[in-house]
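Have a look at the structure below before the remarks.
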């Protein structure tokens, strides 16, 4: 797998989304480096989750473009974007509560692969996130941390190239978080995946992301390496007030 | 878009009428047409009233009560019983039936629905559906499936040589208007009415203001049941009814609140009149009109849901 | 699920079929038609379950497809002189196409709005059936030439039931069914995980419209008379809904169990208390919706008598 | 003795525990602020006091009275007011009606009238606009209306959840001035804020939460001058 230095996985240009008078995302541009882990941060209400929803087609952008593999995917339906190799998790987990762990996994398999292949892949991924023992349990009966793991594993069913994680650490205990972070690093280092994380837990962002984008009031106010971000006065002001 | 749709919808009966040569545009026809519109408008007042009951429940609890039409039907039977059993005038009977209806709504809310408000939205739908089935067949067990009518002021009031209004319609319209206005003023001015509106707008904040929202839910359901029973009383002096007529009223009430915007009291008033006028036009100009009237409610409802789900006066955030 | 388990289930189905082929001849015509109508309700409950149990779009007007099938058979047999068997296929086709168009429109509505739009659609088609006298005979209905057909219709219903169960079984054990379930659980998540929800919802509605149409057709030929009020009777929808909910929506065995048990109960109580059983069913719907939303099968799963989920 | 005492609070939503062993005291007459990065559990602290989320353990006392498990109307009755986050007013009701709803638990018309006058002296702009619909006012005015509504029961203590959220800088200043004004009236105040710098400037004391746990506490000025607090917002 190439970790092609300098290549761009996804390019966001001047993305806008207004809800009535509220400018949730107001002309945001950034480029995700291919094969790297990037972080997207910002105070509450700065537009991070809206950005995620725009990238994955859950919301339709008012204007702007999202370029992925040379194609403008802005305006496509969520399943079309998913089928192009972009997968995501949600801020508050959206596992299927009255379906078993195994069914949750199978639901995300591509219909182009055979049932047997899909089952094998589901088994492997359940093993990967240590949920094999719970394969016959309803999603709703899992602990919150286990639900996070399930959602993460489910997002990998189609072997996507770009993985968007919305607050993977929220509500997860330390051990499980460590486990999850190891998986994320494995995906990036060994399989060459591109990963974007939105996260409130700054320790996760600063210690695990190579590049960080900071949003405030719907626009990008800074980008750079963790140390640069930690010492950026604008970022500190955005978070701490002035 | 909705405006254009409604214009087409209202033009349609004319088009069919002209095509089937039942529309003439001479003086006699125009007078008949005016009579029909006037009667439709008055009937609209009654529709508006029980439609407002359904919209009130939806507005406060986000529940669709599909037994609402059955409560209308129940009101008709209560009035019938008072008239033939006790010899009470149908309008005076309201003093008896409305408090009973309030208690009924209160009771249904407390026993059945309070536990499921805010949960999966299909649960209350299924429960009220079951409740409606029970109501139909209990009434059927007592009164059989025969159609019943209440002979009450059946003569017409002549406004001019060719234009007349049924006296029972006029009285129904006046009563419905008085009751609807009464409820509206209650919602606007009374402390509890204000609390009902506050709960409809934001139940969490209403709680923080010290409002016991479950108490409000029960009052709302009681009011809605009273509006439905009042509707039933006023329907019963105009039309025949049997235990199974309730479904039709549920669909009408639903069409009215879809048209007017869910949870919007004034919207329900406008929606009720619009639907009734449309119905009277169809029954006047379209062959087989009396059967086709039912299509008006379904057609309007489905198209408004598809074209503009929030209705005429609905809020954008719906 | 292992192949062994599939095999076991098919053996059970085959045994039931053999029993239904050879037991009824011993009994009277009454018992035979009792079994026939029971099978009809198995078909109806299983069909309703495909759109409403798996996908979660609860239909309050499913009788519309049954009525369309009845009328297709009635019109084509009596007015066009067709043999009764091809009319069943025609009814299925008309119903399926109607479901596709209707679904494209109303499956955009959620929860109660879909439910009531379906109720409106069914009532609307009933009115059309009443008004369009030249085609449907209006309120007078259509009478068929009198023939003794209780064996033919019994066997046709048995075949329909087998086909419906096999299709329901496939839905209930395939990724198609899992995707329908995903739509029920969380439509946005399902879309974000590659499910073209519009396509799947319409497919489910079409599938759930075909079998009731055939059932309606067989039934109309059996009773030899149809009219709008009986073929678009809301009670048929109520039965579908209650039977499937009681047995356990979103399962294969649930609607079968629900239909067999409750149809038998209503048939027994009907004789003694014609309206009381409907009051009881109303109370029953309230009870099931409130206290056992996953039905008998949910009850069994909670006690460890059945495994969770549809694939293993 | 503290007016409001939170001792070792554990709380969360469903299966997710948000607060771990959180302890906060507010004494009579104080302005106390609670700050911390996103996801610190600041607003959750208020929600557990009002009984909106799962309480898992610990003690909550208001003027010595145990208020765990009490309904919001009972808590209001004790003299503890609450202004929820997001300046939520009843959009379709007039300013005056909004205030009347705030006094719902008070049945004595005279007292409602007095409370209304009191709120109007604190927020003259609300008196000017009393016939206007809540939803048509600007963000800052809505925040004042939400505060006025909570003051209608004449509480001795008031809890404000992110009063500056989403407001333009001019209104942020105005709102913080109003909060200081309430403090001068003798009302005890607890405020949760994202805009930490501003909140610490007006606060007597502050608590810093991180990931649902107590991290620092001290006077407003101490915390404002503490570089560790500042840095904590960005990790490390």
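The first chain written gets the first letter, and so on, giving A, B, C and D; residue counts start at 1 in each chain.
Throughout what follows, a residue touches a chain if its C-beta (ideal position, glycine included) is under 8 Å from a C-beta of that chain, and two chains touch if they have at least 3 such contacts.
Fair warning: this is a prediction, and the values are worked out from it, not measured in the lab.
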> Steps needed, at minimum, to get from subunit A to subunit B via touching chains?
Replying inline: 2
> Distance from the CA centroid of subunit A to that of subunit D, rounded to the nearest Å?
Replying inline: 34
>> Averaging over Cα atoms per chain, report the distance between subunit A and subunit C in Å.
In response: 42
> Once you find the CA centre of subunit C and the CA centre of subunit D, what distance in Å lies between them?
Replying inline: 55
>> For subunit B, give me the residues that contact two or more of the other chains.
In response: none
> Which residue numbers or ranges of subunit D touch two or more of the other chains?
Replying inline: none
> Chain contact graph: line, ring, star, complete or other?
Replying inline: ring
> Which chains touch which?
Replying inline: A-C, A-D, B-C, B-D
> Which subunit A residues qualify as touching subunit D in the complex?
Replying inline: 43-45, 143-144, 167, 170-171, 200-203, 205-207, 229-230, 235-236, 239-242
> Where on subunit C does subunit B make contact in their complex?
Replying inline: 56, 58, 60, 105-106, 108-109, 111-113, 115-117, 119-121, 123-124, 127-128, 130-131, 234, 238, 241, 245, 275-276, 278-279, 281-290, 293
>> Quick check: in the complex, which residue numbers of subunit B touch subunit C?
In response: 64, 66, 112, 115-116, 120-123, 125-127, 129-138, 140-141, 247, 251, 254-255, 288, 291-292, 294-295, 297-299, 301-302, 305-306, 309
> Can you list the residues on subunit D that touch subunit B in the complex?
Replying inline: 50, 52, 71-73, 76-77, 82, 84, 88, 90-93, 97, 100-102, 104-105, 149-150, 153
> What residues of subunit D sit close enough to touch subunit A in their complex?
Replying inline: 14-18, 37-39, 165-166, 193-199, 211, 230-231, 233-236
